[in-house]
Amino acid sequence: EPLRVGALMPMTGDLQAYGESSRNGVELAIEEINAAGGVMGEPVELEVSDTQTEPQAGVDAAQRLVSVDGVSAIVGALSSGVTIPVASSVTSSEGVPQISNASTSPVMTDLDDNDFLFRTVPSDAFQGIALAEVAAEKGVDSAAVLYINNDYGEGLADAFESAFEAAGGEVVDRSGYEPGQASYRGDLSQVSDGESPLLLIGYPENGQTILRQALEGGHFTDFMFTDGMKSPQIVENLGAQYLNGSFGTAAEARDDTDAAQHFNSAYEAVYGEVPPVPYIDTAYDAAYLISLAAVSAESTEPAAIRDHLRAVNDPDGETVGPGDFAEAVELLENGTAINYQGASGPVDFDDNGDVGGTFAHWEIQNGEYVTERVFEPSL
Amino acid sequence: MIEIERISRAFGGLQAVREVSFTVETGSITGLIGPNGAGKSTLFNIIAGEIPPNSGRITLEGEDITGLPTHALFHKGLVRTFQIPHEFSRMTVRENLMLVPAAQRGETLLKSWLTWWKVIREDRAILRQADEVLDFLEIGHLRDELAGNLSGGQKKLLDLGRTMMTNAKAVLLDEPGAGVNRTLLGKLAEAIERLNRERGYTFCVIEHDMDLIARLCDPVMVMANGALIASGDMATLRENPEVREAYLGTGASGQAGAA
Amino acid sequence: MSLIKAEGLYAGYGGVDILRGTRLRVEADEIVVIVGPNGAGKSTAMKALFGLVPIREGQVEYMGEVITNRPAEQMASRGIAYVPQESNVFPSLSVLENLELGAYAMPGDLGPRLEKVFEIFPKLRERRQQAAGLMSGGERQMVAMGRALMIDPHLLMLDEPTAGLSPRLIDETIARIQEVNQLGIGVLMVEQNARQALAIANRGYVLATGENRYEDSGPALLANPEVAEMFLGG
Amino acid sequence: MTEIAQLLISGILLGSILALGAVGATMIFGVLRFAHFAHGDFMAIGAYFALTVVTVFNLPVLAALPVAMLMTAGLAVGIDQVVYRRIRRVQPVILLISSFATALVLRSLIQMIWGSSNQVYQTGIQMPWRIGPLTLKPDHLLIFAAAAVLVFLVHLFLTRTRMGKAMRAMSDNMDLALITGIPADRVIMWTWAIGGALAAAAGVLLGMDTRLHPVMGWTLLLPIFAATILGGIGRPYGAIVGGLVIGCAMELSTLIIPSAYKPAVAFAIMVATLIFRPQGIIRGSI
Amino acid sequence: MEWLSLLSYPLFFLNLVGIYAVLVLGLNMQWGMTGQFNIGIAGFFAVGAYTSAILTTGPSDNWLGGFDLPFLAGIAGAVIVTIPIAWVIGRITARLRTDYLAIATIGIAEIIRLFFLNEGWLSNGTRGIPGIDAPFDVGNAGYLLIVAVFVAGTYLLVEIARRSPWGRVLRAIRDNEAATAAAGKDVARFRLEAFVVGSCIMALGGGLYAHFVGFISPEAFRPLYGTFLVWVMLIAGGSGNNRGALLGALVVWIIWSSTEVLADLMPTALIGSESAFRIFLIGVLLQIILVSRPQGLLPEKRPRMPGEGR
């Protein structure tokens, strides 16, 4: 019986922009695995389902994946507002492992999920710290914070504020913004103190409007961002000259690793250039982990896969990367432990199903996103 | 029964009712006539609590009822009909009547839920009463028709029927006869007389049909330009030059009843 | 050629025929009155002529042209004006606007026409800025008639024009209708004030349960004892 | 003080855009008696029409504006003919739900045709003029001017044409309008055309000020309704005032309450108006 | 095994249908019976869900929790808390008619959502409340039984109310308010009662939802899924008809989730926007239903007269 993997992605709704590229990540992994012989001799099958970025539709789609399509594991969903209801009403009770490639909410860490919920991105708590570190390093000593009023925005703002202040910086003012407004001029003038740079935590959809109004209104000239705003369309639409020198962080693997390079070239070969949006490599790794776990368990039973998700990351095991699937299968069949090093990093699940991670410090230079360095935040 | 004391009401610059005072005696059928726009319906609206007066006072059996809401007046026994028929157009004729009786047990949601059998029993009695009224008005064959589909005159009858579903003390009728066929109008007058005699209803009737007024009403109040200009029985009023000038005219309609 | 002529009309609502073979005719300068008990189908007959109720069978001819089941919105531009029995004014528009809109189908210089309407109903001149919905019942009836006269119609169809009017105004209205008629406008009206209406009618119809019962000159109908007893209240 | 003045400028800017949307919505509301939930999506599709004109013919946005207005007017009339006309005689709530379905259809069409990411008419940023402590950008003057001209044109249409009065008559009593010989279908078509065109204008101006996105109009729908209510339903002049008041109130609110509650300001004003002055803040009508 | 797991999707699916059916019944009381145009369903839905969540979850530093009450107490709490809230909202909007009420309620619902979003001490704000347990660990099939009991009970109560003289007065108000007052009915009281009872039913739906999905955050109460879907269900099913309300919930949810299958039929020119095409299909299907059956699948029927045969 073939291994069936479900991808639970927002193909419509607020996070649609990330849904398609995440799906590509999963698809790419599965194509590679099938090219390398599949799992237990059979090609892996992929089922994609749309969450519409809405919890009601998300749980329905998830249950359909589990019951009708009979998937053994799920990659997704993206927004925590969907991932968590899916975990608590579908996957944890049905006993199907679920790996989110994008939900960064700290709530997930302590969720009572019967250990069926995992993620391949680090919690927001880490990125806030990473950003504070970068900011301090760049000599920023005060900042205004405007964040999208959802769990992503608020979580990051909290983490940044406490880390930044611990490092001696000052948050002059912070405010959450509601998405979808036509004007953010009031919000901007509320947080602006005339000199500090703006930390904007959000997504391009409204972030672009905010940046534009911030520049035009003379509220801010310097900006800091998080991963959500790392999108080339912003530079394209607003003009590089205003954004050059702005910087930010994003969960990112060291691209000097073999795994990352393998992923980049494989992605390019199939879909063209890797878009600078996050969560593709994490989706890709999630699909690999599920397949390896199935091989390791010699079963497509969901619970068995769950039990082996940590086993394929044995610290004493032989290091394998995404390009080495056939080799990894051989090792596992020989009873040798393996340690998967993913495109997005080591992806070692802790007891809560969380991963630590590395972050990129990126900057906009001449209109390009340039990764300055990739580092592990000192917690 | 109803005591109207110096009621006034203006709309913008228009003094629709000015210092009107009169009494509707218990057991009487009091007529209210006057040219179009004299303020008759406005006065009814004030009595029925639909619009507040600018000044003045209304008492019902000695009790001050000025400004009480319509439904509260209903429970004190004061019922009205409308000049333009106000039927429940998407309910059947029967339902239009069954709605009316006051203090139905089933109108309290909790009682409907907890003692539905009693509610059904009560509703059956109301249904029988409604059918009687319909038969009386000779529109029994329309009982399951939607009220909105009735002809203009049939709606007027239904309006009157609704007042027959209550234990009212005083009924205000705004042009019950407009658009009602003459033959039926006779029946209608009969019904009003019977209700007055047998059930002791007091009526106050606005009407432009002088035959009907002459047959039913004593006394008759005459309003013009918002003020009360005369009162008395119809025969006297016909001789009153002011009333003739303002209202009756000299043509056939004013004289019809006298012939 | 008759102004309007209907033969063998079958029409009604939702499959039930209210009119059963009704026929009606108005000659160029006639006043024709329809009387009958409530629910006889008088209003339905008017609506059917005007294209507001679908005619299932039968034919309507207006000035020699067959207009059976033509849409109502074309009637005004043909010169037929109709005042329905209920909701016959635009309540939130002022009296003046009601009259102006009455002329919608026949644009042109409204001044003289307005003048004529104000002459017939002086009260409307006084109240021309008031919203029609706030007028008394009788005043509304005047607005409605005035509105209809604004297109200088050939045929004026009135559904109970005197309902709710004071005796004096009834007389006046009847007189006005005669006046209008003398200008060469045919009048077809439904009336419950049958005596007065029939008195001025060239012809009258008695309608009961959708069928023609009697048809005669106005005074002759009035004099007919059967009619008087059954339909005119003795 | 300067902060308040600056916020007022932004408020008026937002208000002009809201007002254009609200004038159309209020006319549709008045004539057809239903809250048109696809109005925001008319705005969006109008903005995208203009985008196509801008990119294909390489025209300035303001030149594309009339074209977009015409196209959206046509689209609005078309949708009415295909869908709304068939259900006009049933309850207004059906129309409302149907307009919601229209909103879904339009939004997904935008996504299918133009894609779902942000787009702009003109890349880059326009740096503002500085007038003392205040800043004002040239585009904003264009937006004010365009809004004012359009509103004036609507005013002329409503007061100088028979169509304007016919619109009100229709909203009062559809049957009687028919009897009077008012061509109901034509009046309704005009209403849609004007409503659609104004929505498109609002969308284009919004696009100039922010960016184009498939849901750009949907999120403005509630403030637009708030403006409509504030001005009194069926009253275009009221809608203009309503739009300006809501726009300014939303911007100024950030001075006193957390900006996360900013959308609530529009609703709170709206609910308060409904409760204390249900006929709208100003009197007067079409 | 295979068919068992195939069966588990319908069981799950019916849970959601049942929860929505409760919401639709609540709306039917307000719109179908009284003509109150409430498009703020999401607000009461949220109040119910949050109340039950707060009452039944264990202690937490992040939100007002720790009551740890049983499921039924949570559901009862949801209804009880809604009474005063709906009463106040009903009072302040009492004078408003159809469209005005509609826009006021949608505004109020958004205010409620923003409140839960921003008042973290109460609701854990944007992060939502996790770990809301279903009673007795019953699983989907078991929970379906609970939902079914609530749906049946609600249906019965609403149906009795509709047929009772109370329901008759509501229909009269819907029809002609001035005349209802003239017939001695306290219109404001009846409207308010219907509004409060309807809202409480919506809150009940919210409570059932919270325990079903186990986690709630403000995202679940946005207008699309919180309000419009419910309206679509009622209108498609037949407003005023309680059986229509149930049928509408079922049919619309089927359409909603089956368009994903239909999207596969998409013209190849549109590859890459499958999901937009799906929303497009939903919109078009909805239009077809509305245009071809504007009165809904099961149109309103007048209640039987007492003594009329079954």
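Lettered A, B, C, D and E in written order, each chain numbered from 1.
The definition used in the following text is that a contact is a pair of C-beta atoms (placed from the backbone, for glycine too) under 8 Å apart; a residue touches a chain by one contact, two chains touch by 3 or more.
Protein names from UniProt, one per chain: B, C = ABC transporter ATP-binding protein; D = Branched-chain amino acid ABC transporter permease; E = Inner-membrane translocator.
Because the structure is a prediction, the values reported are computed rather than measured.
The fewest steps needed to get from chain C to chain D, moving only between touching chains, is 1. With each centre defined as the average position of its C-alpha atoms, the distance from chain A to chain E rounds to 34 Å.
For the pair chain B and chain C, the distance between C-alpha centroids works out to 28 Å.
A straight line joining the Cα centres of chain D and chain E is 30 Å long.
In terms of their C-alpha centroids, the spacing between chain B and chain D amounts to 48 Å. Residues of chain B in contact with at least two other chains: none. Multi-chain contact residues of chain E (touching two or more other chains): 114, 117-118, 276, 278-279. Taken residue by residue, chain D touches two or more other chains at 111, 116, 258, 260, 263, whereas all remaining positions touch fewer. Pairs of chains meeting the touch criterion are A-D, A-E, B-C, B-E, C-D, D-E.
Taken in their complex, chain A has these residues touching chain E: 11-12, 16, 19-20, 49-50, 52-57, 59-61, 63-64, 66-68, 70, 79-82, 84-85, 87-90, 93-94, 105-107, 111-112, 149-151, 153-155, 176, 178.
Residue ranges on chain D touching chain C, taken from their complex, read 162, 165-166, 168-169, 172-173, 175-184, 285. Per the touch definition, chain C reaches chain D in the complex via residues 50, 52, 71-77, 82, 84, 87-93, 97, 100-102, 104-105, 107, 147, 151. Those residues of chain E lying in contact with chain D across their complex are 31, 37, 92-93, 95-96, 98-100, 102-104, 106-108, 110-111, 114, 117-118, 228, 231-232, 235, 239, 270, 273, 276-280, 282-284, 286-287, 290-291, 294-295. On the chain E side of its complex with chain B, the touching residues are 157, 160-161, 164-166, 168-169, 171-172, 174-176, 178-187, 193, 197, 302, 305-307.
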